[in-house]
Structure formats: C-alpha cells, structure tokens
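Order of writing sets the chain letters: A, B, C and D. Residues in each chain are counted from 1.
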Amino acid sequence: MPLTYTTSQQTFRQEARAWLAAHMPPAPLPHFDATRDGFEAHRAWERTLHAGGWSVVSWPKEYGGRGLDLIEWLIFEEEYYRAGAPGRVNQNGICLLAPTMMEYGTAEQKARFLPPMASGEEIWAQAWSEPQAGSDLAHIRATVTQEGDELVLNGHKIWSSRAVFADWAFGLFRTPGSERHRGMSLVFFPLNAPGVTVNAIRKMDGHVGFAELFLENVRVPVFNRLGEDGQGWHICMATAGFERGLLLRSPARYQQAAARLVALYHAQGAAADPVLGQEVARAWMNAEAYMLAIYAMCSRLLAGGKIGPEASTNKIFWSELDIHLHRTALALLGPRAELLPDAPEAAHDHDWLDGYVFSLAGPIYAGSNEIQRNIIAERMLGLPR
Amino acid sequence: MPLTYTTSQQTFRQEARAWLAAHMPPAPLPHFDATRDGFEAHRAWERTLHAGGWSVVSWPKEYGGRGLDLIEWLIFEEEYYRAGAPGRVNQNGICLLAPTMMEYGTAEQKARFLPPMASGEEIWAQAWSEPQAGSDLAHIRATVTQEGDELVLNGHKIWSSRAVFADWAFGLFRTPGSERHRGMSLVFFPLNAPGVTVNAIRKMDGHVGFAELFLENVRVPVFNRLGEDGQGWHICMATAGFERGLLLRSPARYQQAAARLVALYHAQGAAADPVLGQEVARAWMNAEAYMLAIYAMCSRLLAGGKIGPEASTNKIFWSELDIHLHRTALALLGPRAELLPDAPEAAHDHDWLDGYVFSLAGPIYAGSNEIQRNIIAERMLGLPR
Amino acid sequence: MDFRFTEDQLMMAETARKLLADTATSAQLRTMLANGMARDDARWTKIVETGLTLTMLPEDAGGLGLTEADFVLIAEAAGYAALPEPLVESAGIAAPLLAAIAPAHEVLGDPAATIAIGHAINPYVADADTAAALLLHHDGATYLRRPDEVRLIREESLDPFRRLFKVEWEPSGEPLSAAPDLWSDALDRGALFMAAQCAGLAQRAIDIAVDYAKTREQFGKPIGAYQAVKHLLATAQVQVEFAKPVVHAAAIGLAQRDVFSRARISHAKIVAAEAADLATRTALQVHGAMGYSWEVDVHFLLKRALALNTAWGGPGFHRERVLARLRAAPAGPEYGFAHAGMEA
Amino acid sequence: MDFRFTEDQLMMAETARKLLADTATSAQLRTMLANGMARDDARWTKIVETGLTLTMLPEDAGGLGLTEADFVLIAEAAGYAALPEPLVESAGIAAPLLAAIAPAHEVLGDPAATIAIGHAINPYVADADTAAALLLHHDGATYLRRPDEVRLIREESLDPFRRLFKVEWEPSGEPLSAAPDLWSDALDRGALFMAAQCAGLAQRAIDIAVDYAKTREQFGKPIGAYQAVKHLLATAQVQVEFAKPVVHAAAIGLAQRDVFSRARISHAKIVAAEAADLATRTALQVHGAMGYSWEVDVHFLLKRALALNTAWGGPGFHRERVLARLRAAPAGPEYGFAHAGMEA
C-alpha cells in the first residue's frame, strides 16, 4: 500500500544509476534506423549493457537477466531514461517476442534464442503486417508448409520495423487453405536466409526503419516455430497485449520527456505564454498518470493478476500523451520548431521535431487506436460487436 | 463581392433597430416552456411583432411578410438578438414547416396556415420522433389511412417540442404496411383534436418543453396533408436540410452570446485567467466563422444555389460552438456557475447556466451529430455507406 | 512498493457500494425530490450503522482511526451513487478537522451528526442547515458555530441534491484553533474527495450509457454496435482509467503535506473532474433525447459533475498548484514518487 | 452584400488549380527532391506565362492591378498543390511591398523573377537564394538587397520544399522606404496567404484520405465504410468548411487596415492552420502505416502544415491580435462586418 521503495529497491536504483553514469556513451549515437553504422553502434551498446547485466533485468538469470520483478524493471527504466541512454535496438525481441517465448517456448528454444537476444548478438525484427492485412491480421496470406523437419515460408510482409539491418524476424504464417484465425503459426527466420528479399521502406522522416520482406521458399527448421502448428493466433494475441499494455512504452520515457518540456518552458521565463504553461502542466500530468497506472498494473501482475483488455487503454493513453507533449514543445519553440536538427538554430536540448514525427505513428502501430477503442468497447464495456 | 451593406439594407437595419427599441417588452418574459403564462406571453409578443410587420420578414407579403431576401433576414436577426428580444415560440412553424409549405403546399394550404402562423394565432409543435425512431426516422410506425375526404391518424410520438401548450403539430405518418422511406405522409393536426393525448415530458432543467403524443383515430381533412400521399419522406428531408442548415440557428444568436461572454471576461480585469482568455477569443471566432459561413451560404442561395449536405457541417459547428461558448462562461463564473438564476449570488448579466444546459441538447436534436457526420462522410465526401 | 488497496480497504468499499446501490436508487432519489427532503433518514441511519462516518475519526474520538486511503474508495462509491447526503463533506473533510483540534468535542460524539465546513475556497457551505455544527474559517483560525448562531442564505444549485448556503457570521470570541495548517489539510482532503466522487460518478455515467446502448435499437441494431457510440464510450473510459490511479495515489500520499503530494491531489482533482464531465456528457449523447429528460438519471450525474468541478478549487486553482510544484522541484522519472529520487 | 467570388476570380483560380494539378504532380515533386532542385523551371515558366505572378502588381508596374481577394484562391490552389516555388511569398506578399514603394523598380520588370521578404516576425527568409532581390526590414524601414550582397545561412526545414535562410546583413545606406506601415500591410498579406495555403492543403489532405479510404479494405470492406473513419474525415471537413469563409472574408476586408480587418486575418490564420493540422494528421491516421511512408504524399502536406503554422505569426501572436480587437471595440451581431453597425 505505501508508495515507497524498499531499501533493496533503492539500492538497486543506486546501482543502476552508478553503472549508467559510468558507461553511458560520451555522445548520442546515430539513429539506428538511419544507417548501418547507427544500427551497429546500438548493437555495441546492447553488448555493453549485457556485459554489465543490464540488458534484460527482469529475465531469469540463465538467459542473461537478473530475475528481477516488474517494479525493479520500472526502476531500471526510470534510471535508464533519466540517464538519457540510447534507444533499445532490440526492443522487438526483448519486449515483444521474449515474453511470448518465455510462456510458449520449449526449453531448447529459450536456450537457443534468448541469450543472443540478450547480448545483442542477434537483433530482431517483427513481421506481422502484410499489404492487405494491417489492422486486420486475420487476413494474412503468407504461408507455412511443413516438409519433413523443415518449414517452408512464402509470402509478402510489410512495415517490418528494424528489418533493414536486423538478423532475425518473427512473423505469422498460415497453413495454405486455412482461414481467419485458424491455421496460423508464429515462425522465426533469419533475414539473410536464402529466399528472403528485404526492401527498405523510407519513413516520412527519410529514415529506412521499415522494410517489406518477400519470402520465396524460405526453409527453416520446425524448431523455429513457437508453440504448436496452428497456435499462432493465440500466441500472437498474447504478445499484442504485452506490447500495447506494458513493455513497449515505459512510463519513464514520457516522464523524462515531460521533464525536458518543463525545462524548456521555464527557460522562457516571464516571456512564456501562460496558455502554453497549461499545456506543459498537462503533459507532465499525463506522464505521471501513465506512470501511476503502470505501477498499479505491475502491482496487480506481481500479485498474480493478468493483463486484460485494459491494455488497450494504455495504448491509447500513451500514444495521445506523446503527441500532445511534443506538440506543446513545438509550440514553445515557435518558428524554430520546423528546423531539422542539423540546422544552426535548431533546438539543441532535445530533438523535439523528430520526437513529434515519431509520436504521430503512435496511434497507428501496435494496433491502431481505432482498433483499440473497439477492443475497449467490446471487451471491457461489453458492447455488442 | 464587397462585404458591405447597401443603403437600403442599412436603412432596413435602422428601421428594425428603432422598432425593436420602441416595442421590446420592458422585462424578460417567463420561459415559454415553463408555464402556460410564459407561453402566452410569447404568443402576445408574436402578435406584437406581426403587427409591426416583423414576425416573418422574408415571407411574401400576402402571408404577413415583407418579401425580403435572406441577407435582409440576417440583418433582422442581428438586430433582434442585439436587442435581446424574446425567443420565438413559433419557431417550429416559421422556421421548419413554413419553408416546406412554401415549396410543397397548395395555394389554399398556404392561405389557410401561413397567416395565423405569422401572427402567432396558431403556434406549432413538431412531431417527428417516436419511441423506437429517434435518429432513425425511417422506422416510424404512426399510421395514416385515408377514409373519404379524411385522414385517420394513429400512433405514438415523442420529444415533440412546444407540444404541451401549442395549437397545432405536424408530423410523419405512414400507410399501414409500408416500409422504410416509402408510404409516408406529412400531416398537420390540431393538438386539441379528439383522440390526441398530450403528456408533458420534463426536461433535465425541470421545464416541460417536450411532450409525448398519443393519437387514437384522430381525424383531419385530406387538406391537412402536405404534398401527395407517400411524398412525406422526401418533403421531410427538405425540411431537415433547412432546419440544420440555416433557419434554425441564426448566427446573430451566437454573436450576441459571444459579445456577452467577452464582456464577462473583460469585467474580470487583470484578475482574468489568460487561459480562459484564449477560450473567450475562440468562442468569439467561432461565432464569427458561423456568421461568415451563413452569409456565404445565403449569398449562394440568393444566386440560385441549393442547400446540400453541407447543411450538416452547419449543424455540427453551431452545436459545438454553443457548448464551448457556454462552458467558457461557466469557467469564468467559477463557483457561481452552478447557481440557479433565482439564487441571490447567481450571475445576472445572462442565464449562462440555462444556456449551457440547453446547448447540451444541440448535438442531439435536429438529427444527432453522429448522423450528421455520417451524412457529411457519405454525401459530401462520397465515402461508401 | 505495492500500489494496490488492502483486502480490508476493498471490503469496506464494497460494503459502501452495495449499501448505496440498495438505498440510493433512482426511485428513492426521486421520492426525496418530490417531497422536498434534505436527507433520507433511513439511508443515513444505515450509513451511520455501517460505520462509514467513523472511518477517518481518530480512535480517541471514537472513530476507526483510518486514513484518506481508506476513505477514498468510499468517496468514489458516494460519487457513483450520486449520494445526496453529506457523507463525504462531513466525515471525510470536516470531522477530521474538528478531531484534529478537539477530539473529545461533543459534536463528534454522535456518529449520526453531520458537520459542515466553510473553507475560504468555497463561497458557499454545503448542507449547512442540517449540520450539527459549522466549522468556519477566518484569517487562518477555526471557529465553530451551530446553524442557529449564523444567518444561512440558500443559494440554490443546479444539482437538486446539493444544499448550498451563504453563511453570514461574526468571527467573535475565541477561535477553536488558530492554526492555519489545518485549513490547508482540509483543502487537500476536500480536493481529493471531490476527485474521488468525480471518478465514481464518471464510471456510473459510462455504466448507465453502456446498459442503454446495449438495448436501444436504431436502424435495426443496438446503438452500442455502432463504432461512433463505441468510440465515444471507450474514450470516456480511457479518461476514467487514467484518473483513478492518480486519485488513489493522491489519497495514499496526502499525509506527506508537501509540494509533491499537493500537486498530485490537484492533478487528481483536475483529471477526475474532466473525466466526470466527459463521461456525463457522453452518457447524455448516447441516450439522445431520452438522456435529456428528467426521467433518466443521467442529469443527476451531469449536474453533480458540474458542481464538483468548482467545489474545493476549480481547474485554474489546481493547475496553479501543479505549476508551483514544477517550479519548486525538478521533474523526471526519478521524481514519480516524492523523495524516491536519491540525493546521490 | 454578396459574399461570393466573381466569375473572373473563380475562373482564374480554376486555371491556377488545373495548372498546378498538371505540373506539380507527386512524381514531379519527387524528381525535384531526388535531383536537389530548388525550382522546376518548366512549371515556373507556365506559372509566369499564365500571369499568376502579376495578379497583385499595380497596372503601372505592369501587373493586373488586382487585389488580395483575387489572389486568395490562387494561394489556396498553391496550398492544395503543396507548390514548392515561392509564388505566394513573392507575388502575393513581397512584390506588392516593392510596388508600393517603387512601382517602376527594375526587379518588377521581370515577371519570372522572385522577391524574398524578411519580415521581423519571421526569423528566417524563405527562398532567399533564388530570389532576384530581398526586401529586408530594419527599424520600420525597407531595404533592398541582392542575395550576393548578404550572407545566407541555410536553416533546413522539415518541409523539404521550404528553403529557409538566416540573412546576415547591414542596414547601411538609404532605405528604399522609411514607412513602417508597409510592413504592417505585408504582415497582413503574409498571414492571410499562409491561411489560404493552409485551407487548400487541408482540403487536399482530406481528398487524398477519402480516395484511399474508398479503396483500402480491412476486415472485408473499404475502411471508408467504417464509422470511425467517416467521422474522423467528417470532423476535419467541418473545420475546413468554417475556415474557408473566414479566409475569404479576411481577403476581401484586408484593405480596411484596421483592428477589425486585422482580427479577421488573424482569425483566418489561426483556424486555417488548425484545419491543416487536423486534416493532415487525420489523413495520416486514415492511411495507417502507408501514410507514414515516404512514398505517399501525406507527409508533404503534414510538413507544410507544420511549417505554415508558425510562418507569419504563430497562434499566440494571432490570438493576441484577436484579443486586441475585442478590447478595442464592442463585439456583437452588428459588428460582424466592420462599420456595419450604425452609429445611431
């Protein structure tokens, strides 16, 4: 009940803070979606994190973690964002695939895939969407057929984040002839496997973070299927709940951005527009509210609870608060808001513009906010489909 | 092209202003929905207006109007609201039924119904909705059957505004067995006709402005049907366009309210919250924007244009601006906002609270804003049904 | 760090919810109005018997000695029920003020008696006429008066169950206490419990609207099957979901009495009032004309939400407290829970 | 009182729209970017040949002698097309300033030449490098410089077609004019034509999104058949419908040069920029991931909307001009058109 940290939690925070202070890259790394160099610099950072035991603090020790609980994970995230540490290039693996693998994977699969994920040796892309199946994943067409000990993958995936430079991807495939939610499997494949073609897609910011993938008779061992044949939809939905609900967007991310926003506002002194002051206060409150909701959720999970459809409320809330926060920063910057980071007069405290553009994708990815509202209405409120 | 009034328009404005100054009731009239006394006081005011030739300025002279055009109507409305003159108790007749009757009525119908409407001798209620047909008018069940020269009406109408005290009502009825949009007729009936039962419905403000009507073998002459048998839906949709698009909500109404809001804000002097100043500016801009859009629409209509689905954008805009304007006033009033008008410390410049509560109905009546957005999407933008 | 309520707290809240669901039904509220009743004695007796008025009284004043974190869910339940009686103002806000000054005061001896409170932030005093005593503020000091010792001028609220009075009185004689901090504490409790009521009534508005949307049909299907209606209600529910944890954390942290805890209370007040506003207006829109009628309960909630928005500080006042916290101390992930950041 | 455009105005606007639709296609814009081109000479030649750069020049400067009301629909068309070239800044804002000072100036003799303008409200000058001349402000006076007489520092905008520069220069020598009113007029034109571009690009964003929503299918039907998508787009269209008349009235009234006309221009700038913001974000949401990709044009519009929001005064500046009008003169139905209220 009391909202205070235990001594051991405080000690853990101190340890994280000290390690980060000692190991932070001296200068910001180049963007991991912009160039191979940026990507590899982030992989190196993952390796550094792993060497210190910080890459996956909540995982079991045998896979490279510390076996810590969700509250300690939140504390680590707070220190991580406080330090301004680099973005996590292996987030698709660590936050999306790993929780699912922990639950549905065999011991052999975990032993094979989790340690190199933790160390950054293998970096993961996701491959959910297809050109005709964005929000509507039940319409995916990419196929998997079993031939002996091998799975043969065919199809066309798109909006595959990190796939331009990553090593592995995981995606949904269906048995030929199966329909809707049936006959799907979640399968991993190396992005350099014969038959995989990776075409970069430029995002509106000019970076190449997405790719479309063409798979032509890509052969992987049956070992690369998570769960049983046909269990893919079920497993995928479990992942989606974690993605939306908790792991994808740590509250500390927004608290740190809100703190920078407050500083930007205060730096304007008496000249600051009180109308924008209201928005600054709002952005800070939003970040705090999200933090409190996540602490409450983690407390429930620690006590044996499950993530339900309320995960969809999280997704809506963080995606909207992120846009609002960055819009407020741009409003404070006035005519400098539109300048790219390399422009001589661009704001140098933070790349607010890039953050804004990124935030605009929030209501789209991880299940569009329209879909999330449907889920809330139907599964939380019980309205008819 | 130039946005200036002609000399004759200016003269007309002056004439209206002078007449209103000379004839305005010395004190505000009691609400026409609250009591029979209030209703009759408003009827008397309609009579006064009519005696001066001001009750229906845009109607042809033969029915009690001045044969003026829409721009002159707007000027009259501006002066009317500027003077703070009473609400128009016969609005259902003058603004909704009359334009339709002008277009679809026979000469005999016009001669019979329009003059007493103009004079306030006969005050009209509308009777569209039914318990199972609110937004979905095609589902109405009330029936009309012809027996010789008579129509026999049966059914149950609801949310009939003004019907508690009014003299006449107009509503949609269908031939028994007809479906959807077919077989409907628009029929007038006296509210004191045998077989009509009027049950008052209290609104959330405690007033009785609505009624539900039970019609049991109500007999009216065939003369009381507007247009041909079965033409009712078509005629009704034409009325709806006028209701939403133009006549129901004169821009002057909001300009006058905005001016009062500005005065309320300025009265707070240096203590006024600049955050609310922004909302005050917004409320004023909204009223101005609505006025400009209506002037543009009236200019097009005068040049031979028609009201199309853009009428739905008007409905959304005025209903939302009205709520915003009154919310802003309540915010300025702070803890006094909740006081009823008779409370000693209630605001006396204007009944902001009643205006707010009334504004909340705006997104509901005259076709809910959800329905209006459907219309805009499907008929203006061409999106599939 | 475990941000959950205890079993005891949840059980007491559930008891309160059930009691109010059974005794503050729509029919009972309407009977009160029809008869001009200020209080439903049967309901109030049950509330008192259940011990709800004793929650936050110290044990030496005959109370249960519990805290704001114990009472906050009761306040939520009162909001959910649109409770007419001043349980929250009296037992949650006023009684602890009197108990902090004079735990043995005779007024505290009767658990059925209510106490009204006249804080400077509220120009009107709620339920002053039915109170056994009024706690009045003057220049930082606390005075106690019986209703018959002051002049009460009724200021009628839109909310038919809210009995507001302007109180005319003279601050003569010895005050009960001269300590202004007590009033600052009362403001914190006041804002917090208004927020809790708002959170409760917001959820009630959504629940009512959901029930209606499941059964009301238009164009051949329940209106709740339309995406427009779904999204209106989902949006309101999202606001509630991110107001409640703030209200709860504010209750748990109130005792800190610092710039951090005050900002959280103000945050709670702002967002819970907004959630109540949005949820009640959404419920009205979903109900259509039906919601605008007197016969459906939506308007009770809508009016209560409007009134509570300015009670114990409006949005501007509380925004300023949030901004004061941002000026006073750094923000950032390590300051999520006050003093959680290390001084390292 | 007839609030419509003339046949001539509508015809000229239609000509501009067609010309830009044919010459500023998505493929052509992308070719410019790929080749690092600042200007498409073929398109610019056609724009010049059509006389669009001459619209607002006085006849004694070889122009058509038309007004802001004639140019406003051209600016809307430029916004609709996301036109890269500085037609609006040069022909709509800068050239009239020069013509007001020196109608016979040689720079005005070449209808293909562009003029850049450095108003104090904009820290950066757009398209300064390709301009024949820069009109620069210092202390109320107007100075003219060729680009090679100043130092231009590129300040790259998110909008890839917006060429911004910081201009370093010395206000030495005789100014072209010392009349500060000219700069006030330029600001009015600047804000007005930014608003017009915003209105145009807002409509374009909706049109693109509507086209996409008609064909893109999810869950077995076009996404445009879903109420959520319909309502997003309808809401954006409502904003556009109530921004355009304000922009048009502001253009017609600009010549008044008083607190009324300035408030209307500012109103236009605020709401048109908001409409552009909402419409472009809506278009992005409707397109989903596709809209976030470089290959779809949505981002050109979104970036332009972001840039124009602060160009020629941001929302705070223009809100203050609206508030100044409200302080300076009464509001009310008789003040809808300035001076329309009688002095009776």
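Definition applied: a contact is a pair of C-beta atoms (placed from the backbone, for glycine too) under 8 Å apart; a residue touches a chain by one contact, two chains touch by 3 or more.
Computed from a prediction, not measured in an experiment: that's the story for all the values here.
Chemist: A-C or A-B: which has the larger count of contacting C-beta pairs?
Modeler: Looking at A-C and A-B side by side, A-C shows more C-beta contacts.
Chemist: Select the chain at the greatest separation from subunit B, using centres from the mean of Cα atoms.
Modeler: It is A.
Chemist: Could you state the distance in Å from the CA-based centre of subunit A to that of subunit B?
Modeler: Inter-chain centre distance comes to 53 Å.
Chemist: Using CA atom averages as chain centres, what separation in Å is found between subunit B and subunit C?
Modeler: Spacing between the chain centres: roughly 39 Å.
Chemist: Could you say which residues in subunit D touch two or more other chains, in rising order?
Modeler: 226-229, 231, 319
Chemist: Which residues does subunit B have that touch at least 2 chains other than itself?
Modeler: Correct list: 275, 278, 370, 373.
Chemist: Which of the residues in subunit C end up touching subunit A in this complex?
Modeler: Going through subunit C, the ones touching subunit A are 1-6, 9, 69, 206, 210, 213-214, 221-222, 224-225, 227, 229-231, 233-235, 237-238, 241-243, 245-246, 248-249, 252-253, 264, 267, 270-271, 319, 322-323, 326-327, 330-337, 339-340, 342, 344.
Chemist: Along subunit B, where are the residues that touch subunit A in the complex?
Modeler: Within the complex, subunit B touches subunit A at residues 274-275, 278.
Chemist: State the interface residues of subunit B toward subunit C in the complex, per the touch definition above.
Modeler: Residues in contact with subunit C: 129, 132-136, 138-139, 158-159, 201-204, 206, 210, 273, 275-276, 330-331, 334-340, 342-346, 353, 357, 360-361, 363-365, 368-370, 373.
Chemist: Under the touch definition given earlier, write down the residues of subunit B that touch subunit D in their complex.
Modeler: Touch residues, subunit B against subunit D: 1-6, 9-10, 13-14, 17-18, 71, 77-79, 81-82, 251-252, 255-256, 258-259, 262, 266, 277-278, 280-281, 284-286, 288-293, 295-296, 298-300, 302-303, 310, 313, 316-317, 370, 372-374, 376-378, 380-385.
Chemist: Please give the residue numbers of subunit C that touch subunit B in the complex, ascending.
Modeler: Residues 122-124, 153-159, 162, 164, 166, 217-219, 226, 228-229, 281, 284-285, 288-289, 291-295, 298-299, 302-303, 306-307, 310-311, 314-316, 319.
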